[in-house]
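One chain, chain A, appears in both complexes that follow, with chain B as partner in the first and chain C in the second.
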Partner chain A sequence: MTLAPSPDVVERRPNRFLGILRALLREPIGCTALVILTTVLLLALLAPLITQYDPLFQDRRAVLKAPSLAHWFGTDDIGRDVFSRVLYGTRISLLVGLLVVTFTMIIGGMIGLISGYFGGWTDMIIQRIVEALDTLPSLVLSLFIAAMLGPSVRNVVIAVTLAQIPRFVRVVRSEMIKVRAQDFIAASRVIGASSLRIMLTHGVPNLIPTMLVMGSLSFGIAIMTEAALSFLGVGTPPPNPSLGTMLAQGTRFIGIASWLIVFPGLMLTISVLALNLIGDALRDVLDPRRR
Partner chain B sequence: MTRHFTPPTRAARFARSLLAGALLALPLAATAQETPQYGGLVRINVHADAPNFDPLASTEFAVHSRLGLALSQLVAWGTGPDIAYGEFVPTPSLAESWEISDDGLTYTFHLRHDVVWQDVAPVSGRGFTSADVVATYEAMRAGGVQGGLLSAVDTITAPDDYTVVLTLSSPNVVLLQNLAHQNMWILPTEAFDGGYDRNTTVIGTGPFILTGDEAGVATTYVRNPTYFGHDAAGNQLPYLDAVEITPIRDLNARIIAFRSGQIDIWFGPLNLTQMAQIQAQVPGLQDIQTISNTQTEMYLNPAFEPFSDIRVRQAINMAIDRMAMGEVIRGGGAVGGVVGPALSTQTLPDDERIALYGTPNPERARELLAEAGYPDGFTFQFTLLNYGEEMVREGEWIQQDLADIGITAEINIVDRAAGMALGREGNFEALYMVMSPFAEADEYLSTHYIPGAIRNYAGVDDPELTAMIEEQRTIGDPAARQAMLWDIQRYIAENVQTTLPGWASLLLHPAHARVHGWHPMMTQGFPSLREVWVSE
Partner chain C sequence: MLTFALRRAVLGVIVLMAVSVMLFVAIRFVPGDIVNQQLSEAGAVTPELLAQKRAEMGLDQPVLTQFAHWAAGVLHGDLGNSLWTGRPVSDQIRTAIVPTLQLSILAIAFGSVLGIGAGVAASLWIGTPGDVALRMASTVFLAVPQLWLGLLTLSGLAAIGYYIPLPYRPFTTEPWANVQQVIFPALALSLGVAAALSRLTRSAMLEVTGADFIRAARARGVTPGGIYVRHGLKNALIPVITLLGTQFGNLLSGTVIIERIFNIPGLGNLLFESVDNRDYPTIQAAVLTYGFITIVVNLLVDLSYGAVDPRIREARS
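Our next item is the complex of A and B:
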C-alpha cells in the first residue's frame, strides 16, 4: 500500500526524504544498518587515504603473509595487500550496486509505469515479456548475459540490470494500477493533463516509497550478483580487485591462508546485511500497516 | 652402415638396474632393495569413463590409458628410475630388435617368437605373428585416428611370420617414436576381419587382461599369465594379480578416495595446496614430481605494429621474471623453452634455457624499447585463455613486469575455444595460453614455426628456419640431431622470439607407500604398471 497521494505531498517532497531518514534513525535496526553502511561507504570512498598500498602492486617479497601491522589483512599469493584490495573491491561492488539500482529504477520504473497506466494490449505485451524473463532465475540470466558480453565492470552492470528489471516492472506496474484508479487521476484527465504529465506528476511521487524499499534490496542483490559473477570468472576482470574474485582466488589457499577469504567474505556479508536491514527498516517506516 | 638395435642382455639390464638403484635417493634406496612380491591389487583413478575400446576410433586419454594395460606396441617407451618422465627411450616390446638402413628409408623389425594373444575368444591364445602387425597398421592407415603417425610410411610388408619391414618415402627419425605412440596398439587380425567387436572386446598381448568395464564404477583387469615380459632378474611380469581403474569425475571425491586408500596411484591434475593437504593425512605418501610436458606460451602478433620489431619482442622477453613467477605461482617446475623442458634430451640445457628465458633484465629491455622507437612504452591487449586461476595469476604477474618497462598490458580473459579461434584468425595482439602436450621436439617446431602450421599463430615464415626444421627430421644420429635441435632453438631465440615460452609447471603423481616400482611416464597407458608391486 502506498502513502495517500495528494498534491501537498508532492510539493513537500524535500521534507519527505528527511522525514523518512528521521524515521529510519528512530528504528534501532535501521539506525544500526545505516551506521554500518555509512562506515563501509566511507571506507570505500576514502580508500586512497586509508591505505598506503596500491591494490594492484605485487610485493613479491611478501607473498601469503598473515595479517600483521604492516598488512592488516595479510597479503595474497602474489604479494598484494588484502586490506587495500578489500577496500577497492568494495568500491567496485558499491559502484556496481549503485549503477544497477539507478538504471533498474529508471528503466524498470518507466516500463512499469507505462504498463500500469495504459493497461490493455500495452500491458499484456509488456507483462508477457517480463514473465518470460522472470522464468529464469536472475543469477542464471545474469550469468548468461555476462558470459555472452565478456568480463568487464560495464558488462556486469548491464547483465545485473537486465536481470533485475522484470522485478521492478511488476511491482511498479501493480502500484501504478492502484494509483490510476484514484479520483485525482480522473480529475487530471478531465482538465486535460497528458498521460506523460500524469505519470510523472502523480505516478512517480506515489511510487517513491516502494522504489526506495525495492532499491535498497536490489542494491544488496546487485552486490551479491557481482560477487557471484566475479567468483565464476565472468565479472570484474583481473587484476581489478573484486570481492567475488578474491573469494574465488582465496579458495585455493583455504587451508593455509584463511585470511584470503575471511576478510572479503566479511566485507561482502556486512555490506549486503546492512542493505537488507535498511530495506526492511524502510518497509516498516513507509508501510502504514506496519507502523 | 645399417644401424641395428638389439636389446641388452638380462645380465646387462640387471647391472644397469643395480647402477640406477645406487643413484637413487636414500628414501627410495630402501624400497629398491626390497624383493618384488607377486600378488595384490592396485587401483588408479582416471577421471573419465571410456566411451568404447576401439583404439582406431578415438584418441581420448580415457580409452588409451585403459588399453595400455592389455595391449602392446611394436616398440615401447622405456620406464624405470633412470628414465625421465618425458624421455623417450625406444624399448623392445613386440619387436625384440630392429634395423634401420643407411639411407633411413627401410626399417626392419624382428618380432618376438614367444608372444601369444590373451586367452579370450575368438583369438583364444593363438601365437602372435607379423600378419597381426601388418593388419593393424594397414587398418590404421586406412581409417584410424592415428593414421597420421604412419604418414611417412610407404609400404608395410611381412617377409615371414616374425619380420615386418616398413619403407619410407623420405627419412623420418621420429618414426620409432611414432610406433611407440600411445595410440599405436597392435591388435589381432581377427579385430579387422569381423571376428569380434573392437568397441566392446579387448584382446591384446599386454600384461593384464581386461575382465570388465562398468561405467561410473570400474574397469577391472587380472594378470595375464602368458605375458611375454620379464623383469631384469628374469622374473615373469606382471607382479600384480589385479588392477582396477576407477572413474571419479569430481576432484574432491577423488582426493577423498585417495586419502582413504580407495585409490593407490593418483592420475590427473592436482595442485601443490591439495597435495599438502593429502600429505598431512596420508603417512608415508610417495611424493613423485615431474615436469609437465606442457608449458605456458605467449604469442606476439607481428601484425600489431610494435611487435613487428624484434627488439620489442626481445624487450618483452627480458622483462618477464619467469623463475620467480614459476616458483611463486606454480610452486616449482622449470622455465619453458622453444622445446619444452619435459623433453630433457631435446630441450636446451637448463643453464642455457635459463639464460635465454629465465634471466630478466629490465634495464636492457627499456633500452631495446627506446631503440625500437618506444621509449615511453605502449599499450596492448593481452588476451589470456582461461585455463584456471594459476594462468590468470601468471597473466597478472607478466602485466606488472611489463609495467616496469613502461608497457601497459590490458588483460582480456577469454574461454579456450574463443582464444584458439582468435589465434587461428590472427585476431589478437598478444595471446597467452597453454601449449598442447608434445612428446617430440619435432612436434613443437613443426606446429609453431612452419608457415601455415596449426599453432603458427604468430605467422612465422622464415625460410632458413623452415629448412633447419626439415633437416633435423633426417638426421639419424642422436647426438647430431640433438645438436641440430639446439641450434634451431638458439636461432629462434635470436631471430624470431615469438612464441615466447613461459613456464612448465610441476606434475604431481602421489602414490601410497604400499606401491613399489611406480614410474609415471608422459605417454598414456601406464607403461610402468607391469613392474609395480605392492608390499601388503
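Our next item is the complex of A and C:
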C-alpha cells in the first residue's frame, strides 16, 4: 500500500472479493466445498419448491414410516415429513450461522482493532475480560447465556456470538499489532491521519484475509452450537424445525427409527464439512507464505 | 520452575475471580428468579409470598451485598447451599465432577493414542493412498458434531443389540458397570481430538524429519525407529501438547452434550438442571468448576513444555 494510491490500485479494489473467489475455484478442494455449500444453500432457500410437504403438517396415517419414495427421509413420531423438516431446519442453521458470523466479525473485529491499535490500559482491560471468557468452554458459556435468556432464535444468536467473540478479538488484535508496527502506519500518522482513519483504511483491509478464514470456520462452529443448544432444549423453540431439536426427538426412537438421527446429522455434518474445507482452502489462497 | 508455576497459579485465581464477578452480575440481571420458578410450580403466587421467600434466601439484598456474602463463603471453602435441593453445593459438585473428569481424561487418552498414531503413520506413508485416506478421515471427523457422533454410537450399539446399563454407577462401587457406561461416550468424544491431533502430528513430523539433526542422526547410523521416536516424535511434541490444551476446552463442551445423550450425571447435567431451576449458587459453582478445570489444564500444559524441552526449562529459571 502506498501513501498516494496509484490509479490501478483504486481500480483493482472492487474486484478483490471476486479475485479471492476465482482463486478459490481454482483449488480443487475449495471448488468442491463451494459447490457443496451452494447446493446446501439452494436446498434450504428453495425448500418450498423442492418438497410439497409442510414441515409442520402431521399425517396421522404415516407415523414413524421408514424412508420411501413418498417420504425420502421417512416420517417422525407424529407423522411429519423428515426431508422437509431437514430442509427447513437447515434454513434456521444457516440463518443462525450467518448472523453469528456477521455479529462476531463486527463486534469482535472492532474490539480487537481497538485493543491492538491502542495497546496500554485499554488493551490490558480488554485482554483480561477475553481471558476470563476464554476459560469457560464455549458450549458451557452459550448454554448458560441461552438458558438464562430463554429459548428463541434471537437468544441463540446472542449466546453463540458471545462465546465466539474472544477468539476473534485475540486474532484480530495480534494482526493489528503486526500492522501497527509497519512504517506506513507511522507515515500516515505523520501526515495527520486520525486513529479511526488509520484503523479503518489500514487496519481493516489488512485483516480481511484472516477474518475470512476465521469467519468460515466460525460459521461451522455456530451451526454446530445451534444444534447442540436446540438439542439441549434451550435453542430454537419447537415446533420450528431445527436440526438439533430433530436429533433430540430422534433419541427417543434409537434402535427403532434410525432415520430420525441419520439425516439431520448428515445435513449438519455436510454443511460443517463444506465450511471447514472452504476455510482451509481460503487459508491456502490467502496466506502469502504458501503462494 | 516453582516460582513460574506459582505465578501462573496466582494469575489463574485472579481470572477465576473475574469470571465469578461476571457470572454473578449476569445471573442477577436476567429476569425470573428461583422464587418465581418454585412458586409458579406450586400455583398460588401473591406479591407478599414472593417477597417473603426472597428475604429468606437473601435475594432481596443489593447485588453487591449478595456477592460479598458469597465471596466470603467461597474463601472459607463454602460454596453455599443449593436453593433447590438444600444440599451443600460443594457436595453436588464433588459428585458431578467425577464422571466429567473420567470422560474427558479417557477421551484425551484415546484421542492421543489414535491421533498421534494416525499422524505418525500418515507421515511415514506420505503420498501413498494410506496417507490420503487418513487425511480424509481426519478432515471428516473434524466436521462431525460430537452430538451426532454420540447419537450414532448409541444407535450403532442398539443395532447390534447392546444396551448400556443404566443408571450411572460410580467406578468405586461397580467398576465393570461403570467401564461399560463410560467407554463408549469417551470413544465418541475422542474422535474429534484424534482428528485434530493426527493432522498436526503429521505436519510436525514432516517438518522435523526434514531437519539437519535428523540427517545427522541417520548418518550416525541410528535406526529408523529410533529416529522417529527419540528425535522425531520428541521434537514434534511441543505443538502437540499445545493443541491438546486447546482441544481440552472443546472436549469439555462435548461432555455437556455427551453426558446428556448417555445419561451420565456429570457437571454438564448439573449445570443444565440448575440453570433450569435458576439455582444461583449451583450455577455459579458449576460454571466456575469448568473454569477451574480449564485453568488447571492450561497450567499443566505450560509446565509440561518445560518437562519436554530443556531450553524452555532453562529460560524460565
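To be clear about the criterion, the second predicted complex is superposed on the first by the 280 of 291 C-alpha atoms of A that agree within 3 Å, B and C clash if a C-alpha of one lies under 4 Å from a C-alpha of the other, contacts with A are read in each partner's own complex, and residues count from 1 in each chain.
Note that a residue touches a chain if its C-beta (ideal position, glycine included) is under 8 Å from a C-beta of that chain, and two chains touch if they have at least 3 such contacts.
Owing to the predicted nature of the structure, the values given are computational and were not obtained by experimental measurement.
Participant: Tell me the contact category for A:285 with respect to chain B and chain C: first, second, both or neither.
Facilitator: Touch status of A:285: no partner.
Participant: For A:176, decide between first (touching chain B), second (touching chain C), both and neither.
Facilitator: Neither partner.
Participant: For A:114, using the defined touch cut-off, is the partner it touches chain B, chain C, both, or neither? Pick first, second, both or neither.
Facilitator: A:114 contacts neither chain B nor chain C.
Participant: Between chain B (first) and chain C (second), which does A:78 come into contact with in this model arrangement: first, second, both, or neither?
Facilitator: In the superposed model, A:78 contacts chain B only, not chain C.
Participant: Given the touch rule stated above, what does A:237 touch, chain B (first), chain C (second), both, or neither?
Facilitator: In the superposition, A:237 touches chain B alone.
Participant: Which chain makes contact with more of the residues of chain A, chain B or else chain C?
Facilitator: Comparing touch counts on chain A for chain B and chain C gives C.
Participant: Could you say whether A:255 touches chain B, chain C, both of them, or neither, answering first, second, both or neither?
Facilitator: After superposition on chain A, A:255 lies in contact with both partners, chain B and chain C.
Participant: Indicate the residue numbers of chain A shared between its chain B interface and its chain C interface, in ascending order.
Facilitator: Chain A residues touching both partners: 255.
Participant: Using the touch definition from the top, list the residues of chain A that touch chain B in their complex.
Facilitator: 56-58, 60, 63, 77-79, 150-151, 233, 237-239, 248-249, 252-253, 255-256
Participant: Using the touch definition up top, name the residues of chain B that touch chain A in the complex.
Facilitator: So the residues of chain B touching chain A come out as 271, 273, 276-277, 324, 328-329, 386, 389, 392-393, 395-397, 399-400, 411-414.
Participant: Quick one: which bits of chain A touch chain C in the complex? Just the residue numbers, please.
Facilitator: 128-129, 131-133, 135-140, 143-145, 147-149, 220, 224, 227-228, 231-232, 234, 244, 247, 250-251, 254-255, 258, 261-262, 265, 268-269, 272-273, 276-277, 280
Participant: In their complex, what parts of chain C are in touch with chain A?
Facilitator: Residues in contact with chain A: 15-16, 18-19, 22-23, 26-27, 30, 139-140, 142-145, 147-148, 151-152, 154-155, 158-159, 249-250, 252-254, 256-257, 260-261, 268, 271-272, 275-276, 283, 287, 290-291, 294-295.
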